[in-house]
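Since the structure comes first, as structure tokens, the remarks are kept for the end.
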Amino acid sequence: MKTLRLTTREREVLVDVTAAVREAVHANGWQTGAVLLYCPHTTGAVTVNEGADPDVARDIVKTMRKLVPLRGDYAHAEGNSDAHVKSSLFGCAQLVPVEDGEVQLGTWQHIFFCEFDGPRERSLCLAWLPGV
Amino acid sequence: MKTLRLTTREREVLVDVTAAVREAVHANGWQTGAVLLYCPHTTGAVTVNEGADPDVARDIVKTMRKLVPLRGDYAHAEGNSDAHVKSSLFGCAQLVPVEDGEVQLGTWQHIFFCEFDGPRERSLCLAWLPGV
Amino acid sequence: MKTLRLTTREREVLVDVTAAVREAVHANGWQTGAVLLYCPHTTGAVTVNEGADPDVARDIVKTMRKLVPLRGDYAHAEGNSDAHVKSSLFGCAQLVPVEDGEVQLGTWQHIFFCEFDGPRERSLCLAWLPGV
């Protein structure tokens, strides 16, 4: 398993990790199969969405903030229950197919680490599942 | 990687692709493992849910429309930020286990391509991950 | 494919299945790859989130109940459309990486079966996808 390290700079932000994932696929010579992107944090997630217009990522963050507000009738004492909910809604694991040594993203798709309770030092794990 | 083509006829709709996925599993002789269903679009998704009563898919679409409305305080100029949010909430990748050459869906489970910004021509990619 | 059986005791509850998944990984001698946790039910799901403070799971359930209420303008006659929506939002499939024969969960991560329409007898399927 390979690990990417990243530093998030805001409480809620989507960090584009597409280039780093591409490099890891190349560096490891992964050819045909799928790369499992796994976020080992309970207030983060991984997602795939549009990367061309940064407003899309910002709209996603803003919409989620409205849906699951920071302040609410939460029992968890750490004050970040909203981030835990968002983590389960987006999911901590994302599979991306790989063919001919390249991640098979759609035209507009980029891969994002989702920070819901930053700023923090974060990890993103990459595991290789060979296909045929 | 195999690709299914589909045409969606409404802005938001869940299209049942179970039969097409089953056929692809048979046609490719996939026996034991998991089929990765991957939506290469940033305003679509893939999900598994009840297929017996079409009202379930309609309730899902309607509930999501209420949660993440088409019109809102969005920055993205294309006017489909709601669809991008729904895409990340449902996820562009869905794994379904396969055993003895058959997808192992539960009794009521069907596989749906989720259209959140149609009508459009869409693709759904299938990749095979062998198990043991 | 292996199957865990569980009995849920409330309508909406997150059941910690981490120990059972760990045992299954050990018992089957799964070493390097990923375990696919698959919920064959359309009103359940699987997720990974914090397991140290049980208030987190309770806050997740409560927040989802507020977002997608039991009573609403639903067409599906069984009265559990909220549970179907939550199932697609959380997802019926969860991949967890395995290395050196151990699930690679983050420090605070536990695996939960999500019950959204209990109490019921439920199954959780485990399929092994070998890595390298």
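Going in written order, the chains are labelled A, B and C, and every chain counts its residues from 1.
As a working rule, a contact is a pair of C-beta atoms (placed from the backbone, for glycine too) under 8 Å apart; a residue touches a chain by one contact, two chains touch by 3 or more.
Bear in mind that the values here come from a model prediction, so they are computed numbers and not experimental data.
> Roughly how big is the turn, in degrees to the nearest 5, that lines up subunit A with subunit B by CA atoms?
When the C-alpha atoms are superposed, subunit A turns by 120 degrees onto subunit B.
> Over half of interface residue numbers shared between subunit A and subunit C means same, under half means different, so which is it?
The interface is built from different residue numbers on each side, given that under half of them are used by both copies.
> Where the centres are mean C-alpha positions, what is the separation of subunit A from subunit C, in Å?
About 20 Å separates the centre of subunit A from that of subunit C.
> Can you list the subunit B residues in contact with two or more other chains?
67, 89, 91, 95, 129-130
> Under the touch definition given earlier, write down the residues of subunit A that touch subunit C in their complex.
1, 36, 38-42, 67-68, 72-78, 81-82, 84-85, 87-89, 91-93, 95, 125, 127-130
> Which stretch or stretches of subunit A touch subunit B in the complex?
Result: residues 33-34, 47-50, 53, 55-56, 58-60, 62-64, 67, 89-91, 94-97, 99, 104-109, 129-132 of subunit A touch subunit B.
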